[in-house]
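Should a chain be cited, it is by its letter among A, B, C and D, assigned in written order, with residues numbered from 1 in that chain.
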Amino acid sequence: MATNGSPELLIVMGAAATAEQTDHVVVRLQEAGVHARVATGRGATVIGVIGDRELLATLPLEGYPGVDQVVPILKPYKLVARELVPDPTVIDVRGRQIGESAFGLIAGPCSVEYREQTLETARAVAAAGATMLRGGAFKPRTSPYTFQGLGLEALEILREAGDETGLPVVTELMDPRHVEQVVEATDVIQIGARNSQNFLLLSEVGRAAKPVLLKRGPSTSVEELLMAAEYVAKEGNEQIILCERGIRTFETATRYTLDLGAVAVLKQETHLPVIVDPSHAAGRRDLVLPLARAAVAVGADGIIVETHPQPEQALSDGPQQIPTSEFAQFAAEVSAIVEVMGKHIG
Amino acid sequence: MATNGSPELLIVMGAAATAEQTDHVVVRLQEAGVHARVATGRGATVIGVIGDRELLATLPLEGYPGVDQVVPILKPYKLVARELVPDPTVIDVRGRQIGESAFGLIAGPCSVEYREQTLETARAVAAAGATMLRGGAFKPRTSPYTFQGLGLEALEILREAGDETGLPVVTELMDPRHVEQVVEATDVIQIGARNSQNFLLLSEVGRAAKPVLLKRGPSTSVEELLMAAEYVAKEGNEQIILCERGIRTFETATRYTLDLGAVAVLKQETHLPVIVDPSHAAGRRDLVLPLARAAVAVGADGIIVETHPQPEQALSDGPQQIPTSEFAQFAAEVSAIVEVMGKHIG
Amino acid sequence: MATNGSPELLIVMGAAATAEQTDHVVVRLQEAGVHARVATGRGATVIGVIGDRELLATLPLEGYPGVDQVVPILKPYKLVARELVPDPTVIDVRGRQIGESAFGLIAGPCSVEYREQTLETARAVAAAGATMLRGGAFKPRTSPYTFQGLGLEALEILREAGDETGLPVVTELMDPRHVEQVVEATDVIQIGARNSQNFLLLSEVGRAAKPVLLKRGPSTSVEELLMAAEYVAKEGNEQIILCERGIRTFETATRYTLDLGAVAVLKQETHLPVIVDPSHAAGRRDLVLPLARAAVAVGADGIIVETHPQPEQALSDGPQQIPTSEFAQFAAEVSAIVEVMGKHIG
Amino acid sequence: MATNGSPELLIVMGAAATAEQTDHVVVRLQEAGVHARVATGRGATVIGVIGDRELLATLPLEGYPGVDQVVPILKPYKLVARELVPDPTVIDVRGRQIGESAFGLIAGPCSVEYREQTLETARAVAAAGATMLRGGAFKPRTSPYTFQGLGLEALEILREAGDETGLPVVTELMDPRHVEQVVEATDVIQIGARNSQNFLLLSEVGRAAKPVLLKRGPSTSVEELLMAAEYVAKEGNEQIILCERGIRTFETATRYTLDLGAVAVLKQETHLPVIVDPSHAAGRRDLVLPLARAAVAVGADGIIVETHPQPEQALSDGPQQIPTSEFAQFAAEVSAIVEVMGKHIG
């Protein structure tokens, strides 16, 4: 490993690896068109590999005889990495901003259930200072026996609510066959947690002309979330908002474990804005405010919260929705922390 | 709670719940059209609820003031439950069986890369006694910079390999827009781990006339897997093979943690056959045989394994693919356990 | 289940349970000296059990033939439950308080390495407004080849540092044979994360006359943490501070996943103060401030943070220790959130 | 990095690291007395470090400015590694063996409750071909309100049962103050799952003259388990049996998730025998046989199983204990797999 070319990755041979095995790896690398430099000595043999990153990604190096570890030196994502784009991305949606000093307060019902419920909620959150309106048209539900969302009809209701209140609208896209309608009707396209690694859908929204709100899946790692964002960015759409919403762990006292450490890591790794969904992580209304405040304090660029005029009659996620009547108080408490963090509601 | 009607679910009020809160819950339940019976005393108040299960599923009971726990008495799945169908389902695919005493040995390449690789593999696994051929046409890959599969072209290659060897073909469906082509080309439609809760896709294959191989997602619980199967069954397709392939845990010594306890639980909870994918859980070739043997011994109805003529040149998952030349030996070692378990390769 | 006695627990029989199996359970319960009431009907049979909670805890009810679920109605902890003690416990240690509106700022080195390092750190944190001094005498280290702590000698150094600065001292007890020395030398006895369920040690400190700082283990659930506190309280010592310090999950971007949702839940479940250790969860210095701020905002009663005059030369946990020279700035940033939360540094 | 000395570890500097930061790391390494070689170029700078492994373990390299990754090349354990001791260790306890082709069948009650229960169980398991007797004297229980074990009295009962049946006895040590009594009374000293990283206790049994059965903790990684064994071996005792007993994951269908992949990995990483405890992982009797069979098939060197004359009256873990009357049948079913694996009950 000389000074005129540092490696893209390192291959560490096992202690029992033979010289033949090392040679075999080197030959395979050369055949594949990449450079390899070997350092052998007591203890272990290390091969530094220099070459095209995408080419290297295709080689099943871990499976070569004698190989113990393959250590990537470069991060597997590029477009979303802060290394390449040091300045934070600020996303502007019809005049409302998320990123840098602009904090996004996104609120609305879990599901669009009927016109009045959505309009009433939209008016309440707009009055309380929310910056965007959320609402689900298609609902991914664990049970086939529960409410699955109003579907395309909901998009019109959301559009009306957005137009009346002036709030940009966020809604989830689930079906690649609905891309056109959802892109047309909404201002921000949400990719839900269960589709966090639906690479098909990610590529589709990567070709859309609207910002994407990409939720982390319950078992998606921080690196995988950034790779999912890379799928979107690779198609040309770099208007991406990442969203932490809780991961699945052994703990059952909350529905998911909100991983605010991941938010702190993401703020260092990527230039994209990162928001938090405290509602789905908590699964219960009384935990939403403390988690929302913690999200602000950890440095998130926004939160997305569920609220409903009558949570007890909500067709989905009732237990975690904040009554619309309490939303102004909620927003005020969150704002107090936003201010201490030197930000403003965008 | 009298003896003339036992509850579908129990609501346990918190120790500090007031009589008004209990009354409020009862009134809400009555308004919703279900029956409620209250048992109050020292310690706690319990409400037994009798009514339509699907109706109950829509009520956000956990969020009502004073409610501490909601305990479902009935399982949330019906069609796939062993309670209703005590006899095990045996799935027959072009004369090959999976279920009861028939053990399915499904093998083939991770991805269909080119015609010769697939044909060569198909011949080898057929010769070694495999009962079905697997192969990926569309590959969900974490990185957008890696091989994404041959796509529709692969379906033809698989069809040819299946026809030549007489092996039924298993391949993954990822895009709802490909349902027709995949259903036509394949014998068993695989729903991959990342789509385990893609309810849209589950409903689509529920309307297809081909058996479905449904993989458990890396953070899908046993109950959620059964609910996913229920989505398929509810649309009319009860030809479902469940597949355990490892869950995501803190342990990084294996790629995923193969959860064979879940297989033992599933064999009790459902009449559907349950198979195991040791390749993806292991992530490395040398662990595939021990995990495959363990899968047989825990009572699985089959395994699905990746094999490749030259794993070092595989375009995906090379480290975990068994060389085709070693597959016959692998199959023999697995068969020895199948026999002790009183089963036969189906 | 009549109204003159609600159950301590409910036993739900499986759908296939026979009348004989139900009778068998009832007979066993009666033999054990508890009351049982049966509700049978369509769907399921439920047995309500009324009796001594400690007696019930000894019966292996889940294993009785035909039993499907055992649902505890009462929480398994008593002394630490908010139900019984609605007012928050405020712990006073030599005039410094933790609980209610008093926020504890505990800081100091990971390990006591030598006299000057500890004294220098103590002076710095005292000057910056810390309310207690932490420092490890015995270090539980994953590797036997790393620094294991100064041992008993460290206790004297800590005592001196505490006396000079007036700060109460917190240090960890690991060995039941050291109880006397540690209790004498320190003001608060810490039970470390790896001993969170060392019931032997918990009982020992339950008999000590000093407050206990009880850390949650990396795989300890919220309920288990409360049960561990109950072990301490049962012996007579109710001066317990609970501490969240991260749980083990699949995510490797941070050393542990800080579970701030658990803090919010604990604040509802128990009257005991709850603090957060952001240093161990993060594993890296640059994440400590964001996590500390989030801990305050979620409602914690304090934080415990590691700081070292020269972290690069620290004998343990160097990467996560904040340089002492930056501690005053750190404390100021944390204090800003403490104030918004309507609390003061205790 | 030349060929005359390969590194013990590699330090990868971040893409934004300055030359000064790299120099600083090198100077610090040199001050610490280890060698450092730098490879700089496009993309990244890598520092290869050569020096004493134990010395290196004390340096907080991850926290040095500019450092992105620290990659250990050598495994952190030595004495227990297969690299150094390629032949499998066979442990002989009073003529019964575990390791290589000898499969250990360890059985007995969860807790020693009273003399007759223990003797009756011992006779039954001896008659069915068990090779060792297990039984708990001290019980680590989640709740302080449950049976905590008979204590020292149980040791005598176990000794009597062992002497009568000729079975070596395995019992758990929890308290360092009991080392002498437990070592004297038992043939194999068990370190329980909750003490898997109680380094104090590990060092104590490392100085004992009896073999140690070391259980993996519910959140202990494979590498940490090997490090825990290293603590024992470092003190001179290399008679160590490792035991997988389930890890804590999000899945609640089983009490713990039995990680048989870890067994396969351990068989490669260490020369020590590895056994499996299916009882604690399952938490329910009906899953013990399938998991035990799977354990044999994955290549474990033994199993440790709980059995009780009347599980319904067991004072601990009743739901998972196999009735003694069914143990012979259980043993026969397990033996069938042992035989196929080319082993014999030791």
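The rule we apply is simple: contacts are C-beta pairs under 8 Å (C-beta built on N, C-alpha and C of every residue); 3 or more make two chains touch, one makes a residue touch a chain.
These numbers come from a predicted model, not from an experiment.
Asker: Based on CA centres, what chain would you say lies at the far end from chain A?
Answerer: D
Asker: When the contacting C-beta pairs are counted for B-C and for B-D, which pair yields the higher total?
Answerer: B-D
Asker: Chain A to chain B: how many Å between their CA centres?
Answerer: So the centre of chain A lies 26 Å away from the centre of chain B.
Asker: Counting in whole Å, what is the centre-to-centre distance of chain B and chain C, each centre being its mean C-alpha position?
Answerer: 38
Asker: Taking the mean of the C-alpha atoms as each chain's centre, how many Å separate chain B from chain D?
Answerer: That pair's centroid distance is 31 Å.
Asker: Return the residues of chain C touching two or more other chains; collapse runs of consecutive numbers into ranges.
Answerer: 219, 248-250, 252
Asker: What does chain A use to touch chain B in their complex?
Answerer: 28, 53-54, 57-64, 76, 140-148, 174-177, 194-195, 197-200, 203, 217-219, 224, 227, 230-231, 234, 248, 283-285, 311-312, 314-315, 317-321
Asker: In the complex, go through chain A and note every residue touching chain D.
Answerer: 1-8, 10, 12, 15-16, 38-46, 48, 50, 69, 71, 73-74, 83, 248-250, 252
Asker: Which stretch or stretches of chain A touch chain C in the complex?
Answerer: Interface residues on the chain A side: 219, 221-223, 246-247, 249-254, 257-265, 267-268, 281-282, 286-287, 290-291, 293-299, 336-337, 340.
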